[in-house]
Amino acid sequence: MLFKMPVYNAPDFTKPELASAPDCRLEAADMDGVAPEYYHSTSMFPEYFKVNGEWKLAEESRMDSSVVLRPDGRLDVVENRNIKKGDLVVLGRSEDGHEGIYVHSKGFMEDETELDDQFVFRQGRSRETSYARDYDRLFELLEYEKKHGFITWVMGPAFAFDHDARACMQALVENGYVDALLAGNALATHDLEGAMLNTALGQDIYTQKSMPNGHYNHLDVDNRVRRSGSIPQFIEDYDIDNGIIYSCVKNDVPIVLTGSIRDDGPIPEVIGDVYQGQDKMRSVIRKTTTVICLATMLHTIATGNMTPSFRVLEDGTVRPVFLYTVDADEFVVNKLLDRGSLAATTIVTNVQDFIAIIANGLKLDWKQYSKQK
Amino acid sequence: MLFKMPVYNAPDFTKPELASAPDCRLEAADMDGVAPEYYHSTSMFPEYFKVNGEWKLAEESRMDSSVVLRPDGRLDVVENRNIKKGDLVVLGRSEDGHEGIYVHSKGFMEDETELDDQFVFRQGRSRETSYARDYDRLFELLEYEKKHGFITWVMGPAFAFDHDARACMQALVENGYVDALLAGNALATHDLEGAMLNTALGQDIYTQKSMPNGHYNHLDVDNRVRRSGSIPQFIEDYDIDNGIIYSCVKNDVPIVLTGSIRDDGPIPEVIGDVYQGQDKMRSVIRKTTTVICLATMLHTIATGNMTPSFRVLEDGTVRPVFLYTVDADEFVVNKLLDRGSLAATTIVTNVQDFIAIIANGLKLDWKQYSKQK
Amino acid sequence: MLFKMPVYNAPDFTKPELASAPDCRLEAADMDGVAPEYYHSTSMFPEYFKVNGEWKLAEESRMDSSVVLRPDGRLDVVENRNIKKGDLVVLGRSEDGHEGIYVHSKGFMEDETELDDQFVFRQGRSRETSYARDYDRLFELLEYEKKHGFITWVMGPAFAFDHDARACMQALVENGYVDALLAGNALATHDLEGAMLNTALGQDIYTQKSMPNGHYNHLDVDNRVRRSGSIPQFIEDYDIDNGIIYSCVKNDVPIVLTGSIRDDGPIPEVIGDVYQGQDKMRSVIRKTTTVICLATMLHTIATGNMTPSFRVLEDGTVRPVFLYTVDADEFVVNKLLDRGSLAATTIVTNVQDFIAIIANGLKLDWKQYSKQK
Amino acid sequence: MLFKMPVYNAPDFTKPELASAPDCRLEAADMDGVAPEYYHSTSMFPEYFKVNGEWKLAEESRMDSSVVLRPDGRLDVVENRNIKKGDLVVLGRSEDGHEGIYVHSKGFMEDETELDDQFVFRQGRSRETSYARDYDRLFELLEYEKKHGFITWVMGPAFAFDHDARACMQALVENGYVDALLAGNALATHDLEGAMLNTALGQDIYTQKSMPNGHYNHLDVDNRVRRSGSIPQFIEDYDIDNGIIYSCVKNDVPIVLTGSIRDDGPIPEVIGDVYQGQDKMRSVIRKTTTVICLATMLHTIATGNMTPSFRVLEDGTVRPVFLYTVDADEFVVNKLLDRGSLAATTIVTNVQDFIAIIANGLKLDWKQYSKQK
């Protein structure tokens, strides 16, 4: 048993410096979308604010956002662009309590051993790092989260290029390891192209052969989904029976597709406004307990920015959110670390092999989803 | 003299197979945003369509789009999402004329020597390629385009991280080598952060020292520009007097900022809807004769997709559009080639050094824009 | 069945241009280690030379070497440094027969389909290429070669850093899929460090924990192997019972270790003179029918240079030599292609995952070699 | 003035824990090439050993080696393979004095500010780091070292591929900024190929055109240098008048060429035995005060391993040794840091641009060395 859920130790608010700390300062926003000067900006950690003499946790947090005290006493973590005139915004830029703000960055570390074992902030991982234990632990984590948590997968466009990777991912969806999928137009288009035409960007996803006029394939798929009006309708109209998107639709796994300026199409479900897209992504992340980001710098960083290190469960328990980021390029996986954004486990490899190892490790019969008979 | 403008050789439409070719087929779109089946999709090359027995060039082209015959006889190259019900869309998927469609991919090649010298489709360039002649030719090209053309720069977020790179780029703007700037929220924010606070993401852009609480710097800049309501107003409100964005504003160089899901902020000028953003970018690209993309996979591919290989000048002359893409990573610069999207010159290097070499090669006194006295 | 041994089609020497071709020219070397001017330099393909009116194949070939006619009529392919004064060296720099030299680069291609299926010179493979069929074919190839061929593995230093990768590779050795191992001092040292101390460069190969004073580990292993006088003696002296090197020694798999200037140690088996090292490597490659290079630019290029595209079996049959190169970096895998050195299958991934997928694909029980109980 | 020579602060040996420390333990080696168990292994820092009650500095140090007390009282830092039977080897694996060994890792740091300014161990540098100040300081450092120090350049094979880079480097040699050159067979061969035939691996180093049969070019150059018997003789025999190697020979700059298993040739000066090669490299490094490594992982790590952080000048002054490593790949430049080997300044860029910026920054007229008139 490598995976053991870390226990959260709430701050000791009886400590004199916290007990005697003042209430946090508040200032009403004087216009929409703009925070008052000296606003406090959140981290990914649990943060407590003293309000009317009581320390309160901002429960649904994310990085780089303001904290708004609602009339009902709730503390909302709000992106500055979503602030409304009149919102009461917390001021203060320290973390130790003396401004009524306490950032609790070590809540999950019981002692040195646990620190080392469970929550080490790993830096500088490379293709030469040993990943054996990370894989073993991830197998256990996925089993745990399947029963108790919410697993969100964030996928780059390239993921659907490989026949086996696609089958392995489908197996994960079919077996309940996928609670939500965040991606862009390209992942959806390529996967549906694979489902309909067995190609990605016109190249056979198994034999690698380029089809004649194959560059039309993804354009045609985009165009047909637009004609159908939605992905589910397209699946019905064209008898699609395989793939990642197909399985998500079949199993009611929510898909959030957000647009980017490099999109063709897009297919109808794609959210063209990136800030509305962020809001939709965050609505999924608010429920998420494990995030796995595969081969997408854009979506990985976007997701990382809005993923806190903790989740408050319905019974009030505080547990960690686990984040994995997998990419063939050290630069990409280390980018999050450079930004200080997350306590992430980073793995440097080709995501196609990663997902095969995951599917094998979970003992899934992914070959049944193979199109190659 | 390394740079000589290639001469365009129009197709010989007296050739029997072209002279006897049928008119291209047309079909009216039956709904908004969807092309009829078997629509023709454009390449980056000049494409001619036979209409009423005459071959006509689609003048303002781009890749992966449909061709619409307007009532006035003009051929419009239209992204499928922008098609309106009733638009007459060209059908056909061949390039040799027999469907009334002729793709002229070799218009700028007079003979083998020119092919080799001027328009070679370079593949597999790496950090070990010799770039000396590319630099020498680019110096001459920039001088030419300053007088006769329209130079659009496409810049990634990292560009403003380095003090010298920023000063060199400012020198290029001030000296008339920049006709338009395409970028994202991050480039603008970081550059304005450098202008106001001498940092990027809180790190001094010259000494590399991390400022205390420096992660607030870009958030504060974003928030203040939002308060000011626009970049020009922010420049006035806060007496900004240096940087890339500052110089563009001062010199009336148009800036198109498009959003992405990883944005903080954004600042007011950023276009949140990526498809509106694409349209705005393309409106700039329609005028462009040379594009230089620096360290941004997202914006480079987006721009590459919408940049044709040619431009029709006011006097009807057809000339090439030159595209350069510069990145530290072979994967990024070769990505465009993989997509078959562009006849691009790719250079593998750190863009900070690239811009210093350009500024030195153009003999610009960029040190005057240095903040480091 | 994806793997089918390609059939070799010898050149048709009755064709007039070959039948009437002159004998190849020969010139005696006038000093040791230097070829006469205008010497012919070999490719990786089968090359035929007309001698006394007969076309003869140079059977044991390699790239970039001279061809020496021995008194017994044999054609030896000899690195220039190994030429002796008086050796009769073939002159000529053409490939079509008119100088008595015929390079047969298409001997294994029956028709277009086979070309496409079996021997395609793949270029520009990246992390986004589909590798599913390559894996499936490689599983079959390894089964075939285990029975009929000779599989040489070329391994970089990093391979022993991961606990599972090491166990998978050991399983491959124990199950007969490894006929020879080419590597450097570091691979051997790190693997023996793992065997003795469960670390690589002082870091636990499973838990990733850094051991106190762990940087001594590999130095101590080096020093102790030197004291023992040989790897087998060290294995005996210190009761080593696991790992890649251990299994090779136990199963009499030949290991060729060649030195580099970045070595510590070295352990006694390492060949310090790199040109003697090349000769020893080539003596293995002369027997090899499949080569698999893992995460080492140095050894991969060295091996690639000396690996021909074909092997003449004892019964005279000519068959292809298959070469795979696996690395996390496109630059490394594509480097061979840039040099035009080999018809190689390149896979971009972390070699740790590659070997796990191979071991799983071959249905090996590699967990039994795990040190992690 | 960015560059100021840091002042060395020797340890305070009057401190009780150092004053009362025991002599270090010594044990005679019982066989050649093997250290006694529990030998002390050196770091790159100044290390002091208590011998007969006195603390003595091991003056010419390097990493990962043993310390031998010579009969004359001198402390020699000796690679284990160079230990002779009977050598008195220091034992001990601590750094704080209690075993008579004191590692002085902070000798050049006066206070926090200096630490920050001058000797910061930089980690995780990437293509997005600001390098402006590093360049400015390096210009000043090179001017200083030209007068007072010894600058060793370590160059990878690719460096000679670019026409301008070659001319810039030649300018540095001609102007006295190069005191020694460490490289491999390929750099020398390619540079001489450029000098004789204007190509590198058969491709024109300015126009990038591939010459017919150009793959013979480097083989011919190798073969001819071997015929001439030495580089200087080759330069005379073939009237070579340009390039890096030419300028080094002309200006009596020592060149150490070490072999690797991927070499063709080699040319006569190349040292085939890598351990003899290491010894020769170290003989140069013993004099060196600044090392600049360009685009070679192999030679960079080899050099890094044998480069201490300090040099004892003839007058007894202890000064730092500065090490720069420049590569297009973060993985390569960060590799040294992972190994903990050096306090290095790393720059992520294409070395061709790096050297152009250096030549421009030093105001050298490198165009005069251009072959492109």
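Each chain carries a letter (A, B, C and D) given by its place in the written order, and its residues are counted from 1.
Note that in this section a residue touches a chain if its C-beta (ideal position, glycine included) is under 8 Å from a C-beta of that chain, and two chains touch if they have at least 3 such contacts.
Note that the structure is predicted; figures quoted are calculated from it, not measured.
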*Comparing C-D against A-D, which pair counts more contacting C-beta pairs?*
C-D
*Copies subunit B and subunit D touch; is their interface built from the same residue numbers (over half shared) or different ones?*
same
*Centre to centre, by mean C-alpha position, how many angstrom separate subunit C and subunit D?*
31
*Averaged over CA atoms, how far is the centre of subunit A from the centre of subunit D? Could you give it in whole Å?*
44
*Could you say which residues in subunit D touch two or more other chains, in rising order?*
127-128, 329, 331
*May I ask you to sort the chain touch graph into line, ring, star, complete or other?*
complete
*Of all residues in subunit C, those that touch subunit A in their complex*: 116, 127-133, 135-136, 158, 161-165, 200, 203-209, 295, 328-329, 348-354, 356-357, 360, 372
*Residues of subunit C touching subunit D in the complex*: 31, 33-35, 37, 39, 41, 64, 80-81, 93, 201, 213, 215-216, 219-220, 222-223, 226-227, 258-266, 272-278, 281, 297-299, 301-302, 305, 329, 331, 339-340
_Looking at the complex, which residues from subunit C come into contact with subunit B?_
123-124, 126-128, 330-331, 334, 337-338
